[in-house]
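In the two complexes below, chain A is the common chain; its partner is chain B in one and chain C in the other.
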Partner chain A sequence: MEFDPDIVIRNLPKLLDGARISVIAFALALGLGAPLAALVCAGRMRRHGFLAALAGGYVTVFRVIPEAVLIFWMFYCLPPLTGYTIDGLWSGSLALALVSAAYLAEIFRAGIQSVPSGQWEAAKALALPRRTLWLRVVIPQAARLSTPPFINFLTELLKGTTLLATIGVADLALQAYVLGAQTFRYMEFLTAIALIYFVIIFPVARFAEWMEHRLAASTR
Partner chain B sequence: MTQPAVLIENMNKWFGHFQALHDINLVIAPGEKVVICGPSGSGKSTLIRCINRLEEHQQGRVVVDGTELTADPKAADRVRREVGMVFQQFNLFPHLSVLENCVLAPMSVRNLSRRDAEARAIRYLERVRIPEQSGKYPGQLSGGQQQRVAIARSLCMEPKLMLFDEPTSALDPEMISEVLDVMTDLAADGMTMVCVTHEMGFARHVADRIIFMDQGHIIEEAPPATFFIAPRHDRTRAFLGQIMGH
Partner chain C sequence: MIDFANLDFSWLIKFSVPLLWGLWTTIWLGVVGFAIALPSGLALALGRLYGGWYLRLPILAFVDVVRFTPLLVQAVWIHFALPALTGHSLTANQSGLIALSLHVSAYICEILRAGIVAIPKGQWEAARALGLRQRQTFAKVILPQVWPLVMPPLANVSVATFKLTAILGIIAVTDLTKAASRANTFIFRPLEVFTVVALVYLAIGLVLAWIAWRIERRYGAARQGRVAPAGALTVPVLVGGQRGI
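Our next item is the complex of A and B:
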């Protein structure tokens, strides 16, 4: 069997359609997940009480359930339970958003907690209002420390979007699979998308690594 | 009689089951300079941190500039606006320039315009002899410079009282005097000061009163002349022997 790269080029428009769907799923999951993560993180920062327990429970549940199971569950079980049907792209992206929120909340929390206690004390001793303490002192420093794990998480999320193919969302992975099936050229299409994902994700992962080293050097 | 800058009555403080401060009574008058010394773990830092409620006391009263510190966060806030604090580890905001460190609180707490806050910052940076560094970041400065910036940052709030928690303990020896010089100037200008320090030369020249603490108790209080020449308690003598003996 010959490897025919032309067949990939000829079907590029379909693959690009798939890539567009992948990007939409990624953006939806991040756009919904990040604000939710901020809320969960706020709950996690409390020491006691209902909100702390709720946020803790949230993180546990959505980190333990495998993403694929949650994606299936929301796609197949939610419509009969609620009486609403939502399409795969939305329900799948929402599932990814729920899981993302759990992971991102922990990334944000780790960033906030790594701001040294002396910074909080200095801010308190200066009588800084809460708003100023958070916006000018804590969050800028936490954001710096959270950036490498955050970027790493983005690569995981992009990889996670391929799971939506399992509920029929026509993302890049599904397009490649379908095209492979239609042409019996799995080798070309699946190799092509493996390359595409690699080319996108590898530089981002390296960038995160580089930032991590730079941060480690600057905080010594 | 004028209102004391700090009034502490029968104050007790615990960390869990460990009693860190025992029955503390202390009155500090406006303009007074008090040095607190004692072995490590004697509770001196805890005591000074109770004055701006970075630590909470469990019993007794702490009244600062007429405001009693209670569970009400507004009381702590009111006190902190008038009380500056300088930390052993400087605790400058590393992501902000020296100037931004200095204008942050005056702008957000005192509602100063940026122009007024910057003018004030430059004035106090000049006072701690470091105006040329205002555009730099804390990480680019030496320890002594950072601590002087931290003093200027506190002074920008124009506090009535300054707390110093071992301000020279984290410094290389050659940088200690530049910080002590600034503190001495500040004392000469009439600032009310409470300093936890082991710098006995500074204590001798600047303090109106020296307080010696051990195991959470105030053991002895005396003006420097009496304190160094005729300490009354064995523990004070032992401590002075240890830190002045070599």
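Our next item is the complex of A and C:
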């Protein structure tokens, strides 16, 4: 079997269309998921009460249910439930956003909880207002600690956007799959996109790993 | 809006055979995939730690390629692209099982490697001073200490394996998701079908997560005393397990 890389170059516009869809899905999931994660995290920070239970339940449910199943559910069930026709890109991204919110909330929470209690006590002793306490003391330190898992999460989310292919959203993975089926050149197209994902994710994941080691070394 | 008085669940009986068959496929794929991935992950971790460069480099490359590309792409690649190379085409279930166990074994390799590395050097030295051979040391001294360390992340990976099975529908593995979509094309009751399916997945996932949580609680303390590189024992996030609750 001969390997023909030219066929990938010739179909680059279609792959770029797919890449655009993947980027949109990624941005939507992150843009909707991150604010929701902040809310869920706020709920998780409480010890008792309805909001704490709600946030806890949310995190459990959305981390346990398979993303692909949730995407299917959103795709098929949102239109009859809401009465609107909803594009697959939107329902799929919304499913990813809900899952992202659960994971991000836990990442944020872990960051906040790893700020030493002495920092809280010192801020209280200085009678810092709550706003200043959060903005100037807790969040800067929490953000530093949450950055590596956050970056890791971004790589997982990018991999997760390929799941939109299961409901027929023409993302990068589905474009390559369809082009492969049309030309019967699966090897070229599928290897090409595997390479694309690898080239994007590898340096980012390695950077996060390096940062994690550095942070661990500095806090030891 | 939907009329809730009109919900119809009679299809559950009519399509119970294909749906249960799909559920069975999901379960055995997850269980067998994990069962294959565990020993292969251990073999990979050993090769990476103690093999020569000719073993270490390919394993490093394999683990990174698998971890840093989506399972969906791997599954499609194995099912459609690989036959052009080997000349043998595989059934969907075979391709799915191969993709799943390869994917999971890479993550297990990383977890076990981190776990082995976290055992203090003094353990090796003490065993050596007592006259144990290297192999004996590993099997009798090191590995028993590694297990409690890696149990919580491994439990999370088992949850992840179950979640990943739902992706394999893309190569026409008739798991529960795929069986449900097929049933839905006959009855066209998407709301009922996919809600029931989602609840079934949720129920299985909750049971697995509960077991993982129990394991975490039982063995989580073992981790504290060890100087593991921070985060090395963490698992993939989105299409993966979950960081300890």
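Basically, the second predicted complex is superposed on the first by the 220 of 220 C-alpha atoms of A that agree within 3 Å, B and C clash if a C-alpha of one lies under 4 Å from a C-alpha of the other, contacts with A are read in each partner's own complex, and residues count from 1 in each chain.
By our rule, a residue touches a chain if its C-beta (ideal position, glycine included) is under 8 Å from a C-beta of that chain, and two chains touch if they have at least 3 such contacts.
Owing to the predicted nature of the structure, the values given are computational and were not obtained by experimental measurement.
By the document's definition of touching, of the two partners only chain C reaches A:155; chain B does not.
By the touch criterion stated above, A:80 is placed in contact with chain C alone, chain B being left untouched. Measured by the number of chain A residues touched, the leading partner among chain B and chain C is C.
Once the two complexes are overlaid on the shared chain, A:61 sits against chain C while remaining clear of chain B.
Judged by the touch definition given at the top, the superposed model places A:12 against neither chain B nor chain C.
After overlaying the two complexes on the shared chain, residue contacts for A:126 are found with chain B alone; chain C is out of touch.
Once the two complexes are laid over each other on the shared chain, residue contacts for A:38 go to neither chain B nor chain C. In the superposed pair of complexes, A:166 makes contact with chain C only, with no contact to chain B.
Listing the residues of chain C that touch chain A in their complex gives 1-2, 64-65, 67-74, 76-77, 80-81, 84-85, 159, 162-167, 169-170, 177, 180-181, 184, 190-191, 193-195, 197-198, 201-202, 205-206, 208-209, 229-231, 234, 236-240, 242-243, 245. Remark: chain B residues 52, 54, 77, 80-81, 83-85, 87, 89, 91-96, 104-105, 108-109, 139, 153-154, 157 touch chain A in the complex. Every residue of chain A that touches chain B in the complex is listed here, in rising order: 116, 118-119, 121-122, 124-129, 131-132, 136-137, 140-141, 144, 218.
Interface of chain A with chain C (complex): residues 1, 59-61, 63-70, 72-73, 76-77, 80-83, 99-100, 103, 106-107, 110, 148-149, 152-153, 155-157, 159-160, 162-163, 165-166, 173, 176-177, 180-181, 186-187, 190-191, 193-194, 197-198, 201-202, 205, 209, 212-213, 215-216.
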